[in-house]
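Could you have a look at this structure, given as structure tokens, before my questions?
Note that the chains take the letters A, B, C and D in the order they are written out, and that residue 1 is the start of every chain.
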Amino acid sequence: MGEVILTMKDIDKSFPGVHALDHVDFELKRGEVHALMGENGAGKSTLMKVLTGIYTKDSGTITYEGREVEFHNTRDAQAAGIVIVHQELNMVGDLTVAQNIFIGREFKKGFMIDDRKMIQESKKLFDELHINIDPKAKMSDLTVGKQQMCEIAKAISHQAKVIIFDEPSAALTEKEIEDLFAIIRDLRKQNLGIIYISHRMDEIKVITDRVTVMRDGAYVGTLITDECTKEDIINMMVGRVIYEDPKTHSMVPADAPVVLKVEHLNAGKMVQDVSFELRKGEILGFSGLMGAGRTETARALFGADPKTGGDIYINGKKVTINSPEDAVKNGIGYLSEDRKRFGIVVQKTITENSTLATLPKYMSGLFINKGAEKEVTEKYIKELDTKTPSADQLVVNLSGGNQQKVVIAKWLVRNCDILIFDEPTRGIDVGAKNEIYKLMNRLASEGKSIIMISSEMTEILRMSDRIIVMCEGKKTGEISIEEATQEAIMDKATRDIK
Amino acid sequence: MTKKKSIFTQEVIVGIVLVALYFIFRTISSDFGKYTTFLSMMDISYYYALMAIGVAFPLITGGVDLSIGTGMICYALAGGCLIRFYNVPTGLAMLVSVLFGLGIGLANGVLISVMGLPPFLATLCTCMITRGLGSVVTGSFAIPWPTAKQDNGWFHSIFKITLADKTKLPLGLVWIILLMLIMQFVLAHTRFGRYTIAIGSNKEAAILSGINVKFYHIMVYAVSGLFAGLASIAYAAVIKTVQPGTGAGMELDAIGGAIVGGVSASGGYGTIYGTVIGAYVILFLKQGLPYIGFNANMQQIITGFVLIGAVTIDIIKRKVIK
Amino acid sequence: MKKKMLAVMMSAVLVGGLMAVPAFAAENLSDTTEGIAQFDGLEAKEAYDFQIVVKSFQSTYWQAALQGMDQAAEELGVTYSAQGPASESDIADQVNMLNSAINGAPAGVGLAACDTSSVLESLQAAADAGVPIVAFDTGIADAPEGSVVCTVVTDNTAAGEVAAENLYAAVKDQIGNGTVRIGEINQDNYALNIQQRGLGFINKLIELAAADGYTVAMEGNEFYVDAAEGAVEGDADIILEVRVPAQTTVDLCSTEAGTILDKEDTIAVFGSNQTAAEGLLVANDNREVLGDTVVGVGFDAGTSIKAAVEDGTFLGAVTQSPLMMGYYCIYALTAAANGEELIDVPTDGYWYDASNMEDENIAPNLYD
Amino acid sequence: MENIKQNPVVKKLGFNRIILFCILLLMYGVFSVIIPGFASMDRIMSILNYTYFLGFLALGVTFVIATGGIDFSIGPVMFCCALMAGYTLNTHGAPVIVSLIMSIVIGFCFGCFNGYLVAFVGVPPFIVSMATMNIAKGLGSVFTKTQSVSWPQGNDPSGKGWFRNLVKAGDFPVGLLIFAVAIVILYIVMNNTKAGRYILCLGSNKEAVRLSGVNVRKWQMLAYVICGALVGIAAIFFVGAYTTVQPGLGDTYNNEAIASCVMGGTSMAGGLASIGGTVIGVLVISLLQEGIMALRMTKEVQMIITGIIVIVFVYADVSARRRRN
């Protein structure tokens, strides 16, 4: 480890209604891999966005290479040598791999962009990284994993001094992760500073030198990786919040009836011959890597995407589900992983969102019975403890956790027996997360059946009665909670590739 | 760009349609095949093709420019006014027309990129404003540009030259092809073109890649305005007398041409040669159907259905690939 | 400002023309003396302000009309302000303008109606309010009692007929040896004056051909085909083809004109208004058959039509007298405001060709 | 300023709409002062003539814009309705009531056509509009053999002119009554019925509504159908006031209708629509055009002013939303 290259001090940032960063400190040295950890919503990504100029900080200082700096956009940051590999893929699908890697700093021959040189350089870059990607391929034709590798290659090609990896491994196979680590070690040798954001405790131990932990937008502390244990880090991350006790055994009675049976479900490449059963009162966890086909399975089951085959039985009766309309009629509700895009209508009120799936029930003749609508909305605001001044509040003004509660309320109003929760706690702060867990357990105990898709291993292990593991569109395993361990799940989630 | 892609891209299909249309019209009407008919068609094609080349850029960014039709008339009126009332040399007046177009284009760009107005609305407003301006500068009067035989009418020969043996050559077609190649080159091989595609495909990613998206977004509309300015000269050269209050609806033919020529209606993809071919398909329908005995009004109905057909085929094609 | 400039440019030619008003050349189409005589010695009782509503300012035709008005207003010491919709087809706008003009209670309103039916209600309102209306350019047949006090128009049927006569005389020799084709381009078929003109041309041509023992068959636009009188079905000596474009733009007119010019048997074409005649010229730009193998006849004036007549591309053209119409419109308004009873003023249509373009009573009407 | 904006009443009515309404009143005041005799009943009637048909057009397109779509074929479609129905009336001697219904039905059919293509086939609304515009113009021309169509005068001896009483009976503005009833009905449809709720929600986030088990295609199509039927009604008021329609025209009214919607606070992005705002917008444009004419300026000046007002209002809207996010 060399001298300090970057210091962030007292960084403060607020969004309307959210104190996203509360006087956070951070320090990075040359030749170090520094992990930044924290639960979802702890403020890691926000801190990095402040660093790279995407957000403007409210107060605090950033010292980089001995000088105080303030970047106004990513371009400034890049020019100074700070690049970020984003969590969400930021690729221009209509351009080729090489064009994407060099976007914003194309090689030029006179007026002309020198595409040939860009392709050569990309090849060189990929060779160095031992990745096999055709630089001339169109970006949108690549798999998510490969796109991620391109994103990393792009960052590295920037002659950077500081590289930020924001959850880079989420979509990668184990082999690809190995490659990534090799690359990171190589970069460390070249005396670069690396910030590594990840949830995977194992990786942190393997690759990083120091760990900084954040919680609820605040700085908690920094540890030297070799000198601490996993538990130390987890304690710092979780802090005061006492989660629901992890399940040690299934809470579902052995004789609970099967409410949903899916047989040989097929839908494109991402859903291949998936079969499973769901019992009354059960929380069925779906685990796997990003891009394993869990969301696609849920969407196909819900009728949101077209299926190519498979049978669905509800309470033993075969049903046809060709559209979400059919699914909802059959008592299935779906909470999407992408709340803003698929879950809520942000510019509308809580009331309007709550009754969206049930509107025909709240009609008196031709007109909407606004009184009854408001009544039921207020009932669920109270029941779910949604924090809002009134039922007429626009959903856009709510925090992530409360927005999620509005979506849940939508399905509870509908009285759905089968609920699909796709990443129910993504982008939700820690306190709200626990409330959602409690709520899920309560719903299960009331006899609702829940399919929970989650990428957080701790969440899967904490909540599920039974776990289904998927990999590359196929179901690769089914594990009871008693037998489940992180290793067992990871093994199945990556089984095919090894 | 990838090898597995079928060679039957929209551009190729539209190209085949264009050739097929030509031969169908030719077979049915012997007059259609005459060289003079071809010349007349070319005359009228120039300003549509120029507008289409320009508007392809906003379309590829996922936007649109509705101000080019009325704009073109407005610029032609302004230039014509200078020649007629202020004895400005033709060359200078032409330059003013083009710069006027560029200016309105820049204004569109600022409204959309800096002030954040939706492109449809911003250009709808400039469409109304240019239409009004055109009438205001001329006091609502029609403005004749100099005819080819007048001293200052040399600009007609930019688009058509007469050889010693009285043969006429559609020189304008050369310019259209040249500009098409240049702009295709710009789109495919310069930063400006690349960022145009990037803005249309994933604007957020473009911003995060450190591109000055605001600047390039303005430039996209400036190009559209510039080409509307160029079109105004082609219009003046062919139609000669420019009437204020006209021009509305011409932009739709140009945009329709670009869409038929494979420019994605949602942005992110398009080629300039496809755009030009598409514009000529629309023009062939407009100009060719009267030759094969169609009621002039049937042509509008057919054009409407061709437009829907072209886009529907594209939608179905994409669904099949998925 | 522009208006002023135009005025300066025009007034020189204008004066010469107006001096010669009572003595018209032989080509004039109808008797105008009586209508004009009523304005002898007219003086405005006060400095009236008139409202003029024209069809639009789009074509230079209307600019010429305004020149006439300027001249008359200056002579009489009255003022006027003119307004018109963006295009001749914006009927609703014109009705609103007319209503607005009447609501302003002016000394009188001069109206060139885009559509004669849609203004009737407004005319009733004018009659009720006692605002005298002078219809110019386009007569209003069903005008309510007491609204239109004077009509200053050129007889469009006669204008079409004179075009037919001149055209027929030029091509007469070519008729009889197999079928020949004569074309007519009309900008549209719903404006009354263009209908009259088009039909005047058609019916006169059929009449002239019949007199020489030739038959005429109609082709093209259904309206004119149906309205033609005396045409035959099937084989005929002359095919009279009428084409109307989908929209009233020069480029579409030129396409329609091109289809006619391209036909081998075409011997003559008539473009029935400025836009149609300009379209005909645009089509001829490449084909260069007019004045050579095909006889072309235009209508109205404007830079390119004048040039075409001058260099023989067009055999000639018919001009209405927009200038006279404008001029007498103001005279009629003034007289009406004075409280005088008026009779209609038919203005002239002139046949002009390269030989008489410079004539003092024609030149002023040949606006640019 | 901020306090005023936070006032619940102001919030409910919409700050921009209040401003727009003030502009309307101010404009009327200014015109009345500088133009002698502007504040007369005749003027108001003349303004209303323009308000009716533009109002129905704008209200119709409000529903389409609420879904995040666009329809700029409304002007030509209106003319097509009036042409086809009027031609049937004049040439085939159909009873007036049949023609009136026919006009609405034709508009309805165009709405179905547009809606089907947008909602079920997935053609972008912009392109559908372009195509429909051409088709409507062509159809109107072909059907009438490119004739203009004049509807019967109020005093037509055949008695066919009774439909003009829908606009104005004697000096009583019946049209205003009908228009007011239509506004109330459409306000209720937009705010108190399933159709309005779904249309607004799907305009804001179509996927979320679909995943709530709603048949979004049906409701999206309905917006275009409502628009089409209202365009058919607009056609009746157009000929009721202006008698004659010509084939191949009508484009100019698209811009004015869309402009009134947008300045009234309906968002081009969809999801936000204000029937009241649209009505104020229509009144602003009608008043502006009468005022401009009374000032002896040309229509073009009105276009320029309208363009600028729209830019200012949309910019105010966009920047307000930006600040909020």
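Keep in mind that, in the parts below, a contact is a pair of C-beta atoms (placed from the backbone, for glycine too) under 8 Å apart; a residue touches a chain by one contact, two chains touch by 3 or more.
Note that this is a predicted model, so its numbers are computed, not measured.
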item: Length of the shortest touching-chain route, subunit A through to subunit C; value: 2
item: Comparison of B-D and A-B (more C-beta pairs in contact); value: B-D
item: Centroid comparison with subunit B (C-alpha atoms), farthest chain; value: A
item: Averaged-CA centre spacing for the pair subunit D and subunit A, given as whole angstrom; value: 45
item: Gap in Å, rounded to a whole number, between the CA centres of subunit D and subunit B; value: 30
item: Rounded Å distance between subunit B and subunit C, as computed from the means of their C-alpha atoms; value: 35
item: Residue numbers of subunit D (touch at least two other chains); value: 137-138, 141, 146, 247-248, 252, 298, 300
item: Numbers and ranges of subunit C residues touching at least 2 other chains; value: 84, 86, 244, 246-247
item: Subunit B, residues touching no fewer than two other chains; value: 131, 135, 140, 244-245, 249, 296-297, 299-300
item: Full enumeration of touching chain pairs; value: A-B, A-D, B-C, B-D, C-D
item: Contacting residues of subunit A [partner subunit D, same complex]; value: 16, 302, 304, 323-325, 327-329, 334, 336, 341-348, 352, 356-357, 359-360, 363, 366-368, 370, 396, 410, 414
item: Residues of subunit C that touch subunit B when the two form their complex; value: 1-3, 5-6, 56-60, 62-63, 84, 86-87, 243-247, 249-252, 254-256, 258-259, 261-263, 278, 282-283, 285-288, 302-304, 307, 311, 368
item: In the complex, subunit D residues that touch subunit B; value: 70, 117, 121-124, 126-128, 130-135, 137-139, 141-142, 146, 247-248, 251-252, 255, 258-259, 262, 268-269, 298, 300-304, 306-308, 310-311, 314-315, 318-319, 322
item: Subunit D - residues contacting subunit C, complex; value: 35-37, 40, 42-43, 46, 49-50, 137-138, 141, 145-148, 150, 153-154, 238, 241-249, 252, 289-290, 293-294, 296, 298-300
item: Contacting residues of subunit B [partner subunit D, same complex]; value: 64, 111, 115-118, 120-122, 124-129, 131-136, 140, 244-245, 248-249, 252, 255-256, 259, 265-266, 295-305, 307-308, 311-312, 315
